[in-house]
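In what follows, structures are represented as structure tokens.
Next come two complexes built around chain A: one with chain B, the other with chain C.
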Partner chain A sequence: MNENSGKCLLLFQSIHRVMQAERIISSLGISYQIVPVPKEFSSECGMCIEVLCSSNNILVAELQRNNIFFNKVKVHI
Partner chain B sequence: MGNFYFDNSATSHPKPPEVSEYINIYLKGGGTYGRSAYDRVIAVSRVVENARLMLANLIGTKHTAHIFFTSNSTHALNLAIKGFSYPKKRILISPLEHNAVTRQALHLQQTFGVDYDILPHHSDGFIDLDAIRKLNLKLYDLCIVNHVSNVNGIIQPLDELKTLIGAVPLLVDASQSAGYIPIEADSWNIDMLALTGHKGLMGPTGTGCLFVRNPELITPLMHGGTGSRSDSFSMPHFTPDRFEAGTPNVLGIYGLFGALSAKVLPNFNAEAFKGLLDLIAQLKTFKLIRSASFNRQAFLFSIISNYFTPSELANQLFKRFGIETRSGLHCAPLAHKTLGTFPKGTVRISLSKYHTPGDLNYLYTALKELDHERK
Partner chain C sequence: MTKIVDCRGQLCPQPLINTKKALKETLKGEAIQIIIDNATSCQNVSRFLTDNAVPFGIDEQNGVFTITINSQGIEFNPKKEAEEYCEVSFPGKSSSYIIALTSCFMGDGNEDLGRILMKGFLNSLPNLEKLPQEIICYNSAVTLAQKGTDTAQSLVKLNNLGVNITLCGTCVDFFGIKEEIEVGTISNMLYIAERLSSGIHVVKP
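So, the complex of A and B:
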């Protein structure tokens, strides 16, 4: 399977960062949704952002430019 | 009917309609901040984080994650002062500090042997910048300054002061300045800044924040759940979570968000305010307690009377004219000692952006009547 196909989860340290990232993703016009953090990825009890893996390049650059650090995991269905 | 509430330094009134609008939105919608990912929580988290961003913009910092919500300025100042370390056992404080700082300074002295010196100043409490140059700044761990005095309304020169004190961290109490006068935390290189949401920002009580440029400077005041790193018994090392244990005051933050969204412009200008001060200065039986220079004067000041005690004068203003003011020491005995108004205190007049030139004239007319009766 191509790395840019399917859906990816972006995991952040805090709700603050999730909301910062949401503002950026929204301003880029990228399709996304906020979903619970799956327990297999983290002990967080909060939220993460699901995007199409194909939107990664521009998104990663913009989040890094804003010093928003995150982990990306591919969703396997 | 005019607006005769002149106690806005205690708490602002009226509030912009957006405050109750957003409080009602929250009361109807409910939800908490973070911890889950259903729509109600996402909506609340957006408002809380937008409020944090607006506060960062208001104080001129790009470090949004270094803004920590607190219940008021006192809480924010406790987080800063109690979380700081004092290897040199000596701090500087301004001559016009509120008890939110001075009572903590005494606590530091009695508990940890940390002494305080008062910054050199002029007779109106304005910091003497020339004298700062002669201080041995290597002696000090921290410098604390009240940006705007809650007694005489003087505006302290934060930018110049920080340039002079250099490496000594500067903690600013912006309780009376935030929302009224510009703050540029990044360009002035302010290290820490405490503010409250219910005064100049016109939000609800129970809201405030602390900004810390380098969060390594302080340790958390409170420990508890943050909705993050829940597998650990330790507080997260990242901000803002490290300094925000427990569910935040979401209801209050919604109201604060409404206030910050309101963009209220003053109904009177500096000329009208200066005109009021000039007229009161001509009344023979009153003395103005204010900045020696109007350029350093915020929208609050004090008066004392040759005939009335502060409480009598406040009572006369209220009973006869419906004017609400605050009398006494305003929780700032150090400021009154500096200004020569201790122990009786003053009557404080503090304006709102909602006041009109007509309201200022009404206040003057009431004072003039009291003055003429006693002349």
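So, the complex of A and C:
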């Protein structure tokens, strides 16, 4: 499985960052879901954003341009 | 001597109440036989006894269950009310509680935060061990079921897992979104009042 297939979780430092990121992702027309951070991951915020890994390139550039930093975790089903 | 508690024809929570009463009244050395004619009530009584460390055996014949208990002869103080073990049978992971969504936000205070919390809440539900029987939406919560929203997709997913989605008809009308509803059954206040007052657990996030 290549790294652009399946779903990825974007973990942020705070809920404010999640909210900013959601607005950006939504404006880009990228499909996403707000989901709770799985128990196995550590995050300072309880919410994260699930996206298709294939949408990462556009997303990363746009989030970085807005100084929003995140950790990306691939979801294994 | 065996005390017979005949619960045939009774629906939950009555067999649980009768079992608790018998355990409190029976003397040391006496046996109790609880006779139940539906599997769900039998499971509920079994869970009640197991949780309270009461040894018992079950015999089943032609759909009639006989639960035999040898009384411990000590004062019986259940950890939880017997009625709390009353779960009705539903397919899948459903359980006996309803979620009432009273607005499109989760909690009071900041609306942007409340909106994102609600999305997280709805997307958490499919991961729960026990799903709600039903989600009832009223006031601005009906907009969560509006076509084109990510919350509607979350509700569709829950609906596909067997969770009934009920929308307040007056509220759908108020927000003018009747033609834009993606998921859910439009219902009236009488139904909502009946469901919320039925004695089932109601969770309001």
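Heads up, the rule we're going with is that the second predicted complex is superposed on the first by the 74 of 77 C-alpha atoms of A that agree within 3 Å, B and C clash if a C-alpha of one lies under 4 Å from a C-alpha of the other, contacts with A are read in each partner's own complex, and residues count from 1 in each chain.
Going forward, contacts are C-beta pairs under 8 Å (C-beta built on N, C-alpha and C of every residue); 3 or more make two chains touch, one makes a residue touch a chain.
Because the structure is a prediction, the values reported are computed rather than measured.
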Overlay on chain A: chain C relative to chain B, clash or fit: clash
Which superposed partner A:A61 touches (first chain B, second chain C, both, neither): neither
Partner chain in contact with A:L28 - chain B first, chain C second, else both or neither: neither
Touched partner set for A:P36, first chain B, second chain C, both or neither: both
Partner chain(s) touched by A:Q13 [first = chain B, second = chain C, both, neither]: first
Per-residue contact with chain A, leading partner among chain C and chain B: B
Which of chain B and chain C A:G46 touches, first, second, both or neither: both
Among 4-12, 40-48 or 130-138 on chain B, the segment whose C-alpha atoms clash with chain C after superposition: 40-48
Residues on chain A lying within both footprints (that of chain B and that of chain C): 15, 18-19, 22, 34-36, 46-47
Residues of chain A touching chain C in the complex: 15, 18-19, 22, 32-36, 46-47
Complex contact set, residues of chain C against chain A: 112-113, 116-117, 119-120, 123-124, 127, 150, 153-154
Touching residues on chain A, where the partner in the complex is chain B: 13-20, 22, 34-37, 43-48
Residues on chain B engaged by chain A in the complex (per definition of touch): 33-37, 41-42, 45-46, 48-50, 52, 64-65, 226-231, 236, 238-241
